[in-house]
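Worksheet: one structure, shown below.
As written, the chains take the letters A, B, C and D, and residue 1 is the first residue of each chain.
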């Protein structure tokens, strides 16, 4: 069978390599997760089981791809940041996106039962896109954009579900009451109507989850001497704090190493 | 929180729309499936459970995306063919690739236990690439390339595992014996040494799996009259036959409709 | 001087190869030719000197690049069609566009004095874009689009300048009179007011210029026998006729050879 | 004439916008200038008339496009650097390349007679490519690469033509003598054989031409008071000096403003 006769079709693949020396962000996003979260009775406004599952999948992806130096997740999305000097998969956009989204999805389904005590009703899917940032500032602004977006959504959702769950408003009524209101109004609403100080809500809900590679001093037992010493160990750390201001980055300048 | 200050980063997304009026092929491929198939004791040279699982996942993907008119699978890879006039996701390459590979992976993990009576040792991943073909002939040549490739690999693997399993050769020895040999030699080897007529091997192993949308006449019972009539119903048909020659396409010219 | 230290910057060039087996159209277009044609007192609505110059430049480009099989020009634009199987410059988009537009421009300035008896007031420029068409029908529709556009513009301009030149309307008045009118109105206007039967206008103004490679039988004198024989010779032929209908292409089916 | 029927072909144009916040370099390069320089008897190794013409064309291009902040030229090539924040032509790669190369070519032909006292034998052409650099360091390294390349070529050419012109070697013999030699050898050859101290050669030949936008204080006469004052004026300055070291850039840090 003359394979060579057909092999010319390989040359129709076009190169989709990403410009060198730029930060690469692969953002994955749940497809139809409004329906998915309803079908699986996610707690509203935030389901910690679902968030835990997202984060553990993100850790698995970071464990597989050493060039992902940090990742930011909120709700049903996660952004993976690949260091600017990376040559992973020759920086081919489709290869990077597809491997990351496939591995994430695979872990999501596989680990579902570790976080939920009922089975998946149907298999979920995520899409992925690849965005490229030439400067450290552009990358920080990207992460700030996602965290600001997370904040806006979470404040809204906290109000919305308080109105629905505690005041028995219909979804339409809650939507109508919140339409066009500013942050101040929402903070005041939460406080005066529901006794909720938004700033005391769980940090992971307000700030999302930021994962990054770092080293930690961990105690190691020397069996011969029976003494314990501290050794540096590579870990993926998870924080739920402001990543918009300079403070966070000043303390972790290594994150922006090329 | 001034989100607008950061929103400019959205404009760094580059357009990756695919040229109109071309066939779009999304090919997914198992990552590290040599190791994966060993870790899960796949029957060699072909594990029908694994092939069944691949095909059922491909069907699920075709069920979700109506613009996929056909798909060809072999071993741990599947090629999905999107009709040339499709405007699915505005023909954005990364969106198409990522949604298909994610959904496929999700079904693979979710449906594993329908085909295997032991759990996954670890979650598998697939990569995806997008290739574009301007003419019907180019598309047919692509599919021919994959089927020819499948044939070459399967003939080799059938010999290899016969030598290993039935003649107790080591993998290295089997490899050495087959190195550089032609098809005729391999056919003869199978017949004379193992009594195997390669052409009688299972069609799905020799030809791979071709899935395509078609309509079938199915009997429908009219409850009032208690009579049965035949009605057209849309189905995804699966065949294991030659798709290189013209015959297959002459009989199904609708497959190449734009 | 350590050149190697800097040579890494070459790797920032991204591949812009065009999909194989597609028609490649490079369209060049005069930059600011409204001003340019005024500055050089082009005859309105059509200046045959300027059109002759455009065509002779297009011929020079076709003479240089054998893979350009046809070209269509009107006003200050020209579309060059590169055959679908071409591998000229490895089908790199920027290389093809830039070489063609540069050579065209160079000839335009160099040959100006062959067509105008006064010098250029300032050097003109053209832009270039590259568009890709997967099927013969798409390519024909592209050429039809340009010819239809040419027709619409020329009918309008013929009316406009008749009103200005023969009825002494101001440009604003002429514009106002023609605004929103259909072809029928314009044809009638030309006939009743100016005695012009639009269909008798010069074909090159109504249809634009289509250049294509063909062979012609030319008489060749054999000096020994003093007899004349006809021999095939490659020529670039220029026609001014309808290229929208099928007739033109039926008679020259070779134009669409890959 | 139903234009709308064909207008769909416009949608086949693919977006080729360049990533934001990156330096854009358009490098043009003479096509077949080995032959062109012979045909026009360019002085070897450097023809100041030809270099003057290149520079005056580059100035014209910079005059037309205000977003080009600097340009570096040597031999028959010129690199134009567009500032990183530019939105000229929506950063469309083909538009930028084609407009620049066309305008450059147009001036080259138009201004030829200002520098040469004989006419062009035939019209020259240039190609253009677009390269993108994310950081200031990458851009500086690009310019260093071109200047280092220029140095290597000019040192070689100075030796080569000295051997040919002053020692009557054939081109082949000169090539053979220089093959594989290092800079030290070439410097020594020039000094000992021809009394040439390479460092005293014209800076424009050794360093190429760097053009950049700056402001200059120019004396302006106030007619009323008949006194002269200095006013800032925008100019394009031309220098022939080292742009590899830090000194040049420290003194002109504004060049790297976004």
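Please note the rule applied: contacts are C-beta pairs under 8 Å (C-beta built on N, C-alpha and C of every residue); 3 or more make two chains touch, one makes a residue touch a chain.
What you see is a predicted model; the values in this text were computed from it and never measured.
Identification of common neighbours of subunit A and subunit B yields C, D. For the pairs A-C and A-D, the count of C-beta pairs in contact is higher at A-D.
Centres computed as Cα averages put subunit C at a distance of 31 Å from subunit D. The geometric centre of subunit A is 53 Å away from that of subunit C, both derived from CA atoms. Computed from the mean C-alpha positions, the centre of subunit A lies at a distance of 47 Å from the centre of subunit D.
Taken residue by residue, subunit B touches two or more other chains at 12, 14, 19-21, 132, 138, whereas all remaining positions touch fewer. Shown here, the protein chains touch in all possible pairs.
The touching residues of subunit A, when paired with subunit D in their complex, are 19-22, 84, 132, 134-135, 138. Residues of subunit D touching subunit C in their complex: 1-3, 5-10, 12-14, 16, 28, 31, 60, 93-95, 97-99, 101-111, 120, 122-133, 138, 141-142, 144-145, 148-149, 151-152, 183, 244.
Per the touch definition, subunit D reaches subunit B in the complex via residues 11-12, 14-15, 17, 19-21.
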